[in-house]
Amino acid sequence: MATAILPKPPARRSRKARHDTIVFYLCVAPWVIGFIAFTLGPMLYSLYISFTEWGMLKPPVWVGMANYTRAFQDPDFYISLKVTSFFTVFSIPVSLLTALFLAILLNEATRGVGFFRTAFYMPAIVASVAAAVLWTWILNPKYGPVNGLLRVFGLPGPNWFSDPKYVIWGFIMMSAWNVGGQMLIFLAGLKGIPKALYEAAEIDGGGRWPRFWKITLPMLSSTLFFNFVMAVIGSFQTFDIAYVISTARSGTLGGPAKATLFYMIYIYSLAFKGFNSMGYATALAWILFIIILILTLIVLRTSSLWVYYESEKEG
Amino acid sequence: MATTTLTRAQPRNRVRWWQSRRFGNLVHDIVVYSLLVFLSLVFLFPFYWMILSALKPDYKIFLWPPEWLPHPALWSNFLAAFANPLLPFPLFFRNTMIIEIGMIAGRLISCVLISYGFARLEAPGKDTLFAILLATLMLPDAVTWIPRYILFSRMGWVDTYLPLIVPAWFGEAYAIFLMRQFFMSIPRELEEAAVLDGANTLQIIARIIVPLSRPVLAVIVILSFRDIWNDLRTPLLYLNEVTKYTVTVGLAYFNGQYDTKMNLLMAASVVCMLPVVILFFFAQRAFVEGIALTGIKG
Amino acid sequence: MYKQFRPSGSFHQISSRLFLLVVVALVAACAAPVAQQTGGAASGGQAAASGPTSIRISCWESGDALEPFKNSIDAFQKENTNIKVSLECIPQEYGTKLLAQLAAGSGPDIFQVGDGDVAKYVQQGAVQPLDDYINGKDGLDMNVFYPNVAKFGQVAGKTYFLTKDYSPLILFYNKKLFDDAKVEYPNENWTWDDLAAAAQKLTKADGSQWGIQLPDSWGDLTWLRGALPIIYQNGGSVVSEDGKTTTGHMNSPETVQAIQWYADLVLKDKVAPNKADIDALQGVDLFQTGKVAMLWTGRWPMKDFQSNKDLKFGTTTLPAGPKGKANALCWAGFTINSASKNKDTAWKFLKYIAAGDGAKQFANYALTAVKSVADSQNLAKDEYNAPVIKVLDDVKPLPEFTTPLWADCGDKAYKAAMEEIFLKGTAVQTALDSAAKDADACLAK
């Protein structure tokens, strides 16, 4: 890629470079303006709030680092980190593989693709209020289809949403069902692989399987990379899934027995249900920001090991 | 089985009939389509239950074993779901569409421009800006709800659609990141030719980049549409009057505090899904063509 | 050369910028400026110069529950043509939105708050003390309300809220199931033992019917308010009067014994559905479908039950424990935003809906606190509602009154203990001991 290969612009810059700089800043100006107008202010304000005690109804009171030190003595902080990490570690591979598998299947099909694409995307469309009701039925311990299926194999179905040991697996299943967005991105990536590469492989007599490993997967690795980075960022901020389920079941937010106390759920309940704890909630949010930042860094740094760059191979 | 034909068609000795191309294609298609049919049934099965529930009286929804065909089918549930004068769904639908169109148009236009800048142009400070862009995705938004609300409130934007639409005109990090990835895949040679013809940046974007990026633009339209369609919190936070509500907010009203009319909730949800399914069905066609053009060797 | 869209090679540059951000954020975290925030509410609504005065009222209601709001606003505006009342109700995220609005200084003039949040809003100065209005020219005689109910809107002797609606806990019973099992109907003289014995007889071994559905938060056996009467009926408590200590209250022998009785009904005697049963029957009204013979809950479902022609049911007071009768309320009240620009107008409307003609509209939907309105509905004599009015004398104060930290500390610890008991089978004493320890540590902060 050009940006990587080209050396940094020298001190004496050419007319082209100056022109490029001006055009670049004109292009990204909307984002810079929007960032300063709508995002920077709230971000800085929240950074300030993280050093205060604040209940939103009175002016905040400066407490220095107290909120940050409090986190490390707070057992619920560690529980929420554990819940979130566990969910992330399992839900990312499960949902990415599901999305990838569906996209590849769709890419292989020639007829009725529109129907199948729509079918796989439908879960992403359904209103979350209705989806939550659907899932309380799907995972109903006695009358749900999942446990019905397990019974056929002689397995005792767990009491999904109220068993602290299984509830998170219920959520992982839900996230595998709702992969429409990732699937579409994979599909767009697959459509971008030039046919010429396959044609060349076919002349060489390669079968479907080798072709998949030698062409499709490497060519798709950068899409996979995008989805993976976004999944890491998104998964640590998991909120809606736990929120709508607990609303639909009138259960405790984060329950049963804190088994779904996702980091964001903890932040939310501190911020909006707690007393004077918006400052602490905000400090937790900034801690999460640092965690996600570090993880993203690791992913970016290791990406060269597993993301295939055609330009690098060709030198 | 067309075994004989296949054997006869063997071009080389070492290729047996089961290794032949036609047989391979047949097996491939059978495998692909059985998987597709099976998986789509798995994915659609909950929706069947949803429609079923919409056609039943409330108390029958959770009966076991379920009535797989509702008799009698209570089509009146659909009327009842939309009969409440407090919940004018046609109006909610119109409101949602206003927000959708305003927001998606803004996001497409701004993000194409911004992503082009990040994908193609060299400038000092670019990488820092991009790092900040990525970082904005990493701060949980729950802690900026209140400061943002205060900001929009001071600007007098509360109880209008502006807080939902205007920020989209200034780009959105996820869409910018995704679009940038795709733009970088487009061969520069095409642009260079256009530059020689005297095209400026906007013309290059409009004539070359956009037509070549149809799949990713479709992805962004579809995902943005869903963002608003499923967003409950932002409209609840910023809109005060019922006449300004969106469809999702309207659906939340079915979740009563002490009793939820499940059948009506399901009926309303099914109807509210239909336009989105139709929209998706048409939008996904953008995947068929588009990138075929980019098989150009550099 | 064809280029697949790829994360650019410049990711190494980007990642180093991200690394820089980590450093910057960490530095900022250590050395953020001690900015002094002026904060507070800047400006509420517009003061009335001329023309009609507008006030805003917010609520969390949805569906039918909106009708009393609409009706009373219409009637009020007809009487007061110079006042315009706008209604802003959201079915979810009510608390989040209210906090955002109040923080931005754009809160509604009148809003409603549940019993658990009373202490918080009062302590933070967000609500207007109403005593000056009550004793003022356009005043209000507080004796029109049931005294035990009106108390819920008062903190330290001052009135901040007027009651919107409330409910004590009562016992519903299904007459048909009692007749079938030839068990005498529950009555006001019942004790815990009577209830447990009847529940035993009304439970079917095949799991098709239970004796009683216990006070639950619609499926959650961890709801303190529902179990509070049991604790009080045994002479127990959950927190000291100053709101600082739970040890010796939440884990006192009386409280442990009460919770033990409660847990035994589910776990040992199995006369009440457990968590798995409740989950399986999610969305099914256990009482209306005859799966439970008794239901220990608030007055809310009564209207639904009355409109069900196939259901023959009765109501009575909760049974007496070893230390007699006790009850707890679920309560919501209206208040005036302390930052409102139109407090006089807001008071006029508040008085109208809480004690005037508007209160009659609300009485059609939920229990009224105004004695004369309740009398006009004949509640004290009505076969279903008489027990509801009767138990108002037994109502005890809530732990929420003692400290604004109750939800964060006490309630949270109690919930955790109940989950331990019901999900993991932990001994009641052990679970409540550790709950009291956690709650105390939290309250001490």
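In order of appearance the chains are A, B and C, and numbering begins at 1 in each one.
In this text, a contact is a pair of C-beta atoms (placed from the backbone, for glycine too) under 8 Å apart; a residue touches a chain by one contact, two chains touch by 3 or more.
Because the structure is a prediction, the values reported are computed rather than measured.
Chain contact topology: the protein chains form a complete graph, every chain touching every other one. Each chain gets a centre from the mean of its Cα atoms; the one farthest from the centre of chain B is C.
Rounded to whole angstrom, the centroid-to-centroid distance between chain B and chain C, based on C-alpha atoms, equals 38 Å.
Centre-to-centre spacing of chain A and chain B amounts to 16 Å, using the average Cα coordinate of each chain. Rounded to whole angstrom units, the spacing between the C-alpha centres of chain A and chain C is 35.
Counting partners per residue, chain A has 1, 3, 50, 56, 133, 137, 140, 142-143, 192, 194, 196, 222-223, 226, 247, 286, 289, 293, 296 as the residues that reach two or more other chains.
Annotation for chain B: residues touching 2 or more other chains are 62, 132, 134-135, 146, 181-182, 184-185, 232, 252, 254-255, 260, 262, 294-297. Contact with two or more other chains is made by residues 1-8, 10, 13-15, 18, 21, 92, 96, 99-100, 103, 281-283 of chain C.
On the chain B side of its complex with chain A, the touching residues are 24, 28-29, 32-33, 35-36, 39-40, 43-47, 49-50, 62-64, 66, 110, 113-114, 116-118, 121-124, 126, 129, 132-140, 142-144, 146-148, 151, 167, 169-171, 174, 176-178, 181-182, 184-185, 188, 201, 215-216, 218-219, 222-223, 226, 229-230, 232, 247-248, 251-252, 254-255, 260, 262, 265-266, 269, 272-273, 276-277, 280-281, 284-285, 287-288, 290-292, 294-297.
On the side of chain C, the complex with chain B involves touching residues 1-8, 10, 13-15, 17-18, 20-21, 42, 56, 60-63, 65-66, 86, 88-93, 96-97, 99-101, 103-106, 281-285, 288-289, 300-301, 304.
Residues of chain A touching chain B in their complex: 1-3, 6, 9, 17, 20-21, 23-28, 30-35, 37-39, 41-43, 45-46, 49-50, 56, 102, 105-106, 108-110, 113-130, 133-134, 137-138, 140, 142-143, 145, 177, 181, 184-185, 187-188, 191-192, 194-196, 207-208, 222-223, 226, 230, 233, 237, 239, 247-248, 264, 267-268, 271, 278, 281-282, 285-286, 288-289, 292-293, 296.
Interface residues of chain A, counted against chain C in their complex, comprise 1, 3-5, 47-48, 50-52, 55-60, 62, 65, 68, 133, 136-137, 140-143, 159-164, 189, 192-194, 196, 219, 222-223, 225-226, 247, 249-252, 255-258, 272-277, 286, 289-290, 293-294, 296-297, 300-301, 303-304, 307, 309-312, 314. Of all the residues in chain C, the ones that touch chain A in their complex are 1-15, 18-19, 21-22, 25-26, 28-30, 32, 34-40, 92, 95-96, 99-100, 102-103, 120-121, 124-126, 217-220, 222, 275-276, 278-283, 404-405, 407-408, 415-416, 419-420, 423-424.
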